[in-house]
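Please see the structure below; I have some questions.
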Amino acid sequence: MSEASLAAAEGRRSGTETRLGLLCLAVLVVLLFLAPGLVNPGILFVIGMTLIQAVFALSWNLLFGFTGLASFGHAGFFAIGAYFTGAALRYDFHLPFLAVLAVAGLLGALVALAIGVVALKRLTGIFLAVLTVALTEAMAKIIGFSPALGEQDGLGNIPRPVIDLGLFRIDLTHGDDYYRFLVVATVLIVAALWWVVHSRLGRTFRAIREDADRARFVGIDVARYRVISFMISGGTAALAGALSAPLTRIVTLDQVNWLASTQPILNSLLGGFTSFWGPIVGSAAFSTINYFTRGFPGLSEIMVGGILVVVILVAPTGILGLLGKLRRRALGKGGRK
Amino acid sequence: MSSQAVFVLFNGMAQGMAFFLVAAGLTWVFGILKILNLAHGAFFMLGAYIAYSVGGAWPASIWTFLAVALVAAAAVGVLGYLTDVLVLRRLRNVDYHYALIATFGLMLFCEGVAKAIWGTDYFAVMPPPEVDRAIVVGGSYISVYTLFVIGTGLALYAALEIVMHRTWAGKIMRAVSNDPWMAGTVGINVPLVLMLSVVASFVLAGFAGGVLVPNQALSPHVGASFVLYAFMAVVIGGLGSIRGTFLACILLGIVESANATFMAQYGGIAIYILLAVALVWKPNGLFPAQGTT
Amino acid sequence: MTGTPLLTATDLRVSYGAFEVIKGVSLSVDAGDALAIIGPNGAGKSTLFKALTGEISCRSGEVRFLGKDVTALPAHLRTAEGMGRTFQVSRVFLELTALANVIVALESRQRCKKRGQGRWWRAAPEPALVEEAGHLLSQLGIAHLRHEVAATISHGDRKRLELALALALDPLILMLDEPTAGMAPADRMHIVDLILSIRAEKGVAVIMTEHDMDVIFSISERVMVLNYGEVIAAGTVDEVRNSQTVREVYLGKDMYHAEG
């Protein structure tokens, strides 16, 4: 595990490797942007959902991989964003779409703050696990009681937005256009999270994950930074939800259950939680597996649950951890020659 | 009004005991392994399905009903043994986050298995004929099956307290729970005790499934809905404390029942407020067990 | 500031449940002083340490630092005020490199001292801090390990890294919990030299618990002997060495073990 995070901890990769990585990333973004012309709408939808899942998983992993806290009800935050955006578009709150997104993220962060205040002294382990699960279930109950939010049937017919920037308008009502907007938004969010993880804030989070007591004795206010991490994580998850509503055009209670909460956990661990990019790799890998196994009752739960257990027991550092091991082995052999 | 109060208290007690039947195994295994088994509710659900498959929807008598519950308990106990060998045993010496995540995955897995075998339709199982009637107490109708659930819950609590505090087995359990290393050095077979505790907790889950199957419609979601109450009870009661969990279950049951009676349009919300209040007021639970963080 | 002791504790009492572990301990340390707390295992040394640093709360009594009451202050704020600490089993941020460890501490110092940072939008640590961290590491003789992950460095070097973490916050007092526990004799003397040079250079006061008498006698002028949570003797090294009570309670048994 230490080996995998070694690179993540200090970024001691060689210059060529960094440049190669950036190049791959650039190619990937360009391909994603061109995807509407390359694949059919069904697959385009899957790619869009993968992007959203990737952001969702990154938000979870900021908490787990970089701060050492596990949330088991992250779907609650996702749903806050999704339902708020769904309602804002459907009932026309007279808010510009970008403001809707911002408010959705803010709502997620505020709910995270509230949970943090309830469990400020004990924002760890089992208490956080039960509180986050309870949040999601309470959310599901409240939505189930609210006719405006579609009760058990979900909130359907969500119109896609038009962004009015005064000088010009960006019309996202067509699926391909919204997809392109989604790619841009994802790139921006990923960049922002990358910055958080690699900035002094991220270093503080990581110090807390490593040893909270030691962190206290270098003067770090552990409780405060845990809450900050939780707020960023909750806000980002809500943002992922907010971006999903215009894509799926319906928001349902299926997004507020245990399975939905497990998805970011699985994607992070599958890809490798010690690396920043792990959750993205995991989301892509899982979407691919899921695409070929869809349509059997219960299979998604068996797959998600089963893969999660196997990953934890067999390869806790995920795909990137395994790749890192292979790479070191290859390099080691090369060096000996 | 007073009959309404009786109704709330009685119903609350019944719900609380139903919660306790599920929470007992959860808190038991936490007390000894220090692992919060998030899959516990899923095994409770499997127990209910097994009872349904073995005993059918119309149990012939209370005795066959109990026998079927015991079969479910035994079957889930075997599953527990397998789970212990395949999963839980490997999680004993790792960061507790992994244990939480792995059991969370296990829960989903079991739900998926239940959907694959029994489908997503709802089933209903009748209470056995002896208790499938109502009596009138203080002007309100009370189901005898509910009395049976309350009785089973109380009996289980009494049995657990006696085993834990009055017997040789309980002493060993407590020794292993307090300091496994020390217990090992004085000649206790710690791995065996841990394995038996895990199996015992699964047996309790399966038994609860068999006894509570007529309590509500049977679906793959029944585990998730019950286990959340059980988690709350365990956290409010003080992790690993049987007495605390028992009292917290009653508290949750009564609050839930009052909520359903007086504010039916917002049913099921009050317990979350209770959870938040309890965690702010007593972050370590009503009866904090020692050595838990 | 003259006349005010750096750190004082007055009638500290700490209990675990009904069991009182520290039964009314008072002490006082002036700037630049060095005080060793000794006593048999279970005498309450570690608990006293935790009470002074804010890891656990006291039932009664008062801790003052620079004349200010810090009894209710949480650990991280005491650290910010200038109380540095190391642990008996050294604790560092295991998955970060030695350099990153110190940078985290230096960045925390900036925050504690409310010093702004230039160019906050840059994710990488400030060059000035990186330089300072490198300087600290070389001062402690572990500059060659700067890019090693802390989990992979040796026990003795980890102790040095932990000292670097404590020093990064410019402490006025260093609280060292068994600074040489589990080290080979030669290594012990290296650490002693290190502590002595830090004291000489920065005028940092030291409170330490320690089992090794040689270490104690080379670092501190004053010794306090704890037994069953009570101070049974305190004074200069020589005074304590000649005290009859101490001989009976402590040196009689443990001294023998420590040297044998």
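As written, the chain order gives the labels A, B and C, with residue 1 at the start of each chain.
Simple rule for what comes next: contacts are C-beta pairs under 8 Å (C-beta built on N, C-alpha and C of every residue); 3 or more make two chains touch, one makes a residue touch a chain.
For clarity, every value in this text was computed on a predicted model and none was experimentally measured.
Annotation: omitting chain A yields the touching groups B | C among the remaining chains. Distance from chain C peaks, on a Cα-centroid basis, for B. Here A is the chain whose Cα centre lies closest to the centre of all protein Cα atoms.
With centres defined as mean CA coordinates, chain B is found 33 Å away from chain A. Between the Cα centres of chain B and chain C there is a gap of 48 Å. Taking the mean of the C-alpha atoms as each chain's centre, chain A and chain C sit 41 Å apart. In chain C, no residue touches at least two other chains.
Per the touch definition, chain C reaches chain A in the complex via residues 53, 55, 74-77, 79-80, 84-85, 87, 91-97, 99-100, 103-105, 107-109, 111-112, 117, 123-125, 147, 149, 151-152, 165-166, 168-169. On the chain A side of its complex with chain B, the touching residues are 64, 68, 70, 72, 118-119, 121-122, 124-127, 129-131, 133-134, 137-138, 141-142, 145, 257-259, 262, 265-266, 269, 296-309, 312-313, 316.
Listed in rising order, the residues of chain B touching chain A in the complex are 36, 38, 87, 90-91, 96-98, 100-102, 104-116, 119-120, 220, 224, 228, 231-232, 234-235, 239, 265-266, 268-269, 272, 275-276, 279-280, 283, 293.
Taken together, the chain A residues at the contact with chain C in this complex read 1-2, 5-6, 9-10, 12, 194-195, 198-200, 202-204, 206-207, 210-211, 213-222.
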